[in-house]
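Per-chain numbering from 1; labels A, B and C assigned in written order.
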């Protein structure tokens, strides 16, 4: 029970800090808007080309936002030696990972919702009809990204050149997730039923389970640093 | 309470601690003096299980601190430079967070009592960002109060405090000792802390050059001994 | 021990060359360029061996904290990256005359490229941390994640390829029918494994010496 309390208080604390400082979330959401423009300008005015690239762009935007948002997961802990304070707390350190993971999932979900809405509006794409199955793909993709991102963010917090190392470590590991989510999203947007992308969903679910498990098991080794 | 034996710590080629051994009985306070770079912070961090020594043995409260650091940690109260506060949380929220993380009872009544004891109850709902360094230090002590620690490890607790703040920390330490607690404090200033110390240790070049009961040395003698012992250290550094 | 390995590896490679170019027949469809498979396939097999050792060393290091395991993991990763690079390059060289292009996103090449990137990141992480204890720990976490990710990558890439290009017989598959080719392949694989063992042994030795200074 203490484990759950500790995970919860980490989550709650991060929420409070974020709500008070506001800097991170607002900037991140604004970044999503900028990405929209970026993609449009990069791909040109051709409507069809944009529509065809849409699933990829959606997840690309999501990963880019993730690189920014997740990399900062442990930034608050760098102030006033709070990281050290966490090291001194007794008990299973994976509770900290879980709390941080939950917070990051919430953050990334907010980013996604914004991206999806922006894409729907600006690129005039119907994202409402396949909303339910799409939400499932989004949820599975989010967990996978956040699971590895939280772990690597903790690691790179203590390392030189962390802003560079974080994407370098995270992106190759995310490749299977990217392939799965983009393929599944594409199929769903073309109107295919959920059953058609079942194998992708299973891959995502399996990968998520693996990543979260590794995160839970190895976080204490990362925190020690 | 503490039994340290031949603690050595190297960072790559640099030798920071070169065979430090000492023992500290419960209810006693050891003041560690030494110039910057002598290894005071490293030694404290070793005692706090934040670092592992390159070699040596350490027992805290009868527990092997190297094998079972997690069993030692509940006994410890660490007051370090960083003070472990989240700037965007209020004083009360900070206490609630740390006490919950410790697995203790974070009920509002307990938190209020701790805040009152460090005279921060009037600003309990203010964000720590608005606090002076002295107030942050007091908040750190409130956190330690809640933990019911048996061993207090303080790294330069008087730095950045005004006279009132120093007096405050001294009184806190006296009360802590009176309650049976043990303390190790590292400082490079002679003003604060020495009044409350039962033992004085001088750390230089990674070694404990002196380890005597405080009663043995008058302040002038202490100054002299300190200068002569650390002269070599500073010249060599 | 290391010297013996070195000599054995050299002998093995010579034997492999002889088998690949002398003994094995010229492949009917692809011609002589197919012979690069004797380099490509053993390379990728050796790379997987290397990363398997990284996984082993990483887990063992976290469990025991003995620096020897970390040295194994780090050294194996370096050599693994080397052989992965070799795999990609040899695959590319094979691809140019065969498909007309230096690079193609076929399943195996893509998976191998991703593997390459994961462990280059691993090496970069090691390079950026000076404290050997922290380096060992962090690298171990990445090493474990990277290795366990391999089958996930494999399946995702395979299904992805199936979407875009159903049923192509791409990839320098060894023909299982001709025993001569099979034998040449086997000889080269043994030679490469010996070479890997030699490199690994040397690299661990260097790592141990480095740590002493």
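Criterion: a residue touches a chain if its C-beta (ideal position, glycine included) is under 8 Å from a C-beta of that chain, and two chains touch if they have at least 3 such contacts.
Just so it is clear, the model here is predicted, and its values are computed rather than measured.
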Mind listing the chains that sit against chain A and also against chain C? B
Chain whose Cα centroid lies at the greatest distance from that of chain A: B
Report which interface contains more C-beta contacts, comparing B-C against A-B. A-B
Please find which chain has its CA centre nearest to the centre of all protein CA atoms in view. A
Rounded Å distance between chain A and chain C, as computed from the means of their C-alpha atoms: 31
Taking the mean of the CA coordinates per chain, how far is chain B from chain C in Å? 51
Could you work out how far the Cα centre of chain A sits from that of chain B, in whole Å? 40
In the complex of these two chains, what residues of chain B are touching chain C? 11-13, 52
Which positions of chain A touch chain B when the two form their complex? 2, 5-6, 9-10, 13, 16-17, 20-21, 76, 79-82, 84-91
Chain B touches which residues of chain C in the complex? 130-133, 213
Residue positions on chain A within touch of chain C in the complex are 148, 151-152, 155, 158-161, 165, 168-169, 171-173, 175-177, 179-180, 183, 199-200, 203, 206-207, 210-211, 214, 218, 221-222, 224-225
What residues of chain C sit close enough to touch chain A in their complex? 62, 114, 117-118, 120-122, 124-125, 128-129, 134, 137-138, 140-142, 144-146, 148-149, 152-153, 155-157, 159-160, 163
